[in-house]
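Going by the order they are written in, the chains are A, B, C, D, E and F; count residues from 1 in each one.
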Amino acid sequence: MPNNERYQRGLRKLAEVDPQASQQLTDALSSIAPDFARYVVEYPFGDIFSRPGLDLKTRELITVAALTALGAAPQLKFHLRAALNVGCTREEIVETLIQMSVYAGFPAALNGLYAAKEVFAAQSE
Amino acid sequence: MPNNERYQRGLRKLAEVDPQASQQLTDALSSIAPDFARYVVEYPFGDIFSRPGLDLKTRELITVAALTALGAAPQLKFHLRAALNVGCTREEIVETLIQMSVYAGFPAALNGLYAAKEVFAAQSE
Amino acid sequence: MPNNERYQRGLRKLAEVDPQASQQLTDALSSIAPDFARYVVEYPFGDIFSRPGLDLKTRELITVAALTALGAAPQLKFHLRAALNVGCTREEIVETLIQMSVYAGFPAALNGLYAAKEVFAAQSE
Amino acid sequence: MPNNERYQRGLRKLAEVDPQASQQLTDALSSIAPDFARYVVEYPFGDIFSRPGLDLKTRELITVAALTALGAAPQLKFHLRAALNVGCTREEIVETLIQMSVYAGFPAALNGLYAAKEVFAAQSE
Amino acid sequence: MPNNERYQRGLRKLAEVDPQASQQLTDALSSIAPDFARYVVEYPFGDIFSRPGLDLKTRELITVAALTALGAAPQLKFHLRAALNVGCTREEIVETLIQMSVYAGFPAALNGLYAAKEVFAAQSE
Amino acid sequence: MPNNERYQRGLRKLAEVDPQASQQLTDALSSIAPDFARYVVEYPFGDIFSRPGLDLKTRELITVAALTALGAAPQLKFHLRAALNVGCTREEIVETLIQMSVYAGFPAALNGLYAAKEVFAAQSE
């Protein structure tokens, strides 16, 4: 179990975004690339999301935008949940996805909206 | 000159984002696709950017994120200037670009930062 | 229910391409982004597919080409069916997909051909 | 100088598309990858563009669509010229580029239209 | 059944990479695009993978890198198995996937690692 | 000037790959995002390229493959030089680029080969 400062800061930030994520990530990668589970905690969350200068809600919305444009489905679902967890409204998320039709095309926006529909439905249960 | 409500609303919104843009766009496309200059005003700006639910600063930051991820250089520069015009700070823009290293890779983030450096330098003159 | 001219023209064009599509789209997006269902009818179909200058068969083949290159699987299946609906032959569709191996790589072409195989099989039943 | 049947068929097809292309390609790659100049003649032109089932004009339009979606600028300019050479009208090309705004986003369509403006202007001289 | 030299060389090379692949590919494409099954044997395997200058292990690792960056999931799984078949170690494959986090982003690397986990588990049975 | 272990290890690794790179990177980003110059040294070079399990030559070839597939031109040129610096032969680099025609399409491979031609010519002077 890594114990450095970046890792600890990343763990705390990741827990703000999704309380189960670090355990799930560690479990999912333990048999194949445990170091990469550590890097995910350290660089994106310990280094980047922990920086001042942009609030966590905006950090999640720009992530949702980028993942929609790139078509990275599993990570998009994760960050749609994370956006809700950190206080983004459904409306802000939907507006972000609709706007991607302009920059990445209507298919990217549609696939993003269908992913959000699933995430919102699961959250409502 | 189109005169419908969406076009007029788009013109006003585009002028908030960049006062010269609609004239430059019309000139650039007049000889090849004047209808497309109209569509750019109507759909992205008249329909999407004019929607409530997300403020203009956030709309520009998610656009910067998507264009950095997609590597669309000329439009990224336009929206880096637009982000400044609508009140995003340099720090917010730089944070957005740095965060793209996580989702779209370090090369995408670096190219975005070099574009921002040019835009910021031109604005400082 | 929107009732403007662009929407009505888009509905008619979308019905040429796929008679069930507008209802399915409205249903799929009603709980999350009903406005986006309207935009899909208005811009792609009311504005773009309704333009003169390119017949509907060619419009579907260039769409199949772009979606294969971009790897947008659900929309590719929709437009493979649409291409058949507007009179493209299976041979024209297959030629379009094979040609994508040159521009977007062999994996993109293979995934396009596997999608077409499913669509053609469903249509034959 | 390769002399097989595919290469000869590819040379003839490439000459239909652009009479100078095979010499330019051979020159450009002679010092670094002469075999790849041969492959470009053999596979895309000797195998694919020489197939029946899709006329050369449609083959060029689907290529323009894919290259616009992928953002491959030098090859897009080549195929914009090729599309004109094989008889596509400027209107058909512009319609193809405008339609890409739906599938690949407005920036991709704009960059395609600016490339076409340059190609059309050079041809008019 | 094609019988030319490139096809035969491609068949032998493809069998080195995956003994079942050519039959599976022929079966999968026989009803829709049998010529494309032949092209896959001839160009990627008969022409490219058969070239000297790079050993088969390195050819598989650069393929794994590109497919991870492009997000082409079915072909990535095929080449993860192929990489093992030609003698790449699990460690070399995992290192290749982890490194893609730098160039294509953490989501691309994660999706690659999850694909490798499935492929390694299936191989261990 | 950061002085942690990861940064120092990254500096040493980056100097193996390109002796001028860390100074150039620091200079280029000093006015806009000095922290990102540090991250580039720390994560890609201090964490990833410093890992055992894959030699530096293979690390550069998979990077060249990924950057060619992604179309990231400035970073591709940097890593084409880096590949030569760590001992890859021109032939190994050219083979990597040619192979990308299969996975990312002929335009990506051509643009990669033209970049390599410039890099090789500059090195020969």
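Criterion: a residue touches a chain if its C-beta (ideal position, glycine included) is under 8 Å from a C-beta of that chain, and two chains touch if they have at least 3 such contacts.
Remember, predicted model here, so these are calculated numbers, not experimental data.
*Asks:* Listed by label, which chains are in contact with chain C and with chain E?
*Replies:* A, B, D, F
*Asks:* Which whole number of Å gives the spacing of the CA centres of chain B and chain E?
*Replies:* Computed from C-alpha means, the inter-chain centre distance equals 40 Å.
*Asks:* What whole-Å value do you get for the distance between chain D and chain F if each is reduced to the mean of its CA atoms?
*Replies:* So the centroids are 30 Å from each other.
*Asks:* Residues of chain B touching 2+ other chains?
*Replies:* 35, 39, 43-44, 51, 67, 70-72, 75, 94, 98, 101-108
*Asks:* How would one label the connectivity among the chains shown: line, ring, star, complete, or other?
*Replies:* Graph shape here is complete: every pair of chains touches.
*Asks:* Could you please specify the touching residues of chain B with respect to chain E in the complex?
*Replies:* On the chain B side, the touching residues are 101-108.
*Asks:* Which part of chain C faces chain A closely enough to touch in the complex?
*Replies:* Answer in residue numbers: 28-29, 31-33, 35-36, 39-40, 43-44, 67, 70-72, 74-75.
*Asks:* How about chain F: which of its residues touch chain E in the complex?
*Replies:* 43-44, 48-49, 51, 53-54, 58-59, 61-70, 72, 75, 91-92, 94-96, 98-104
*Asks:* In the complex, go through chain E and note every residue touching chain A.
*Replies:* 71, 94, 97-98, 101, 105-111, 113-114, 116-117, 120
*Asks:* Flag every residue of chain C that touches chain B in the complex, lowest number first.
*Replies:* Checking each residue of chain C against chain B gives 35, 39, 43, 47, 51.
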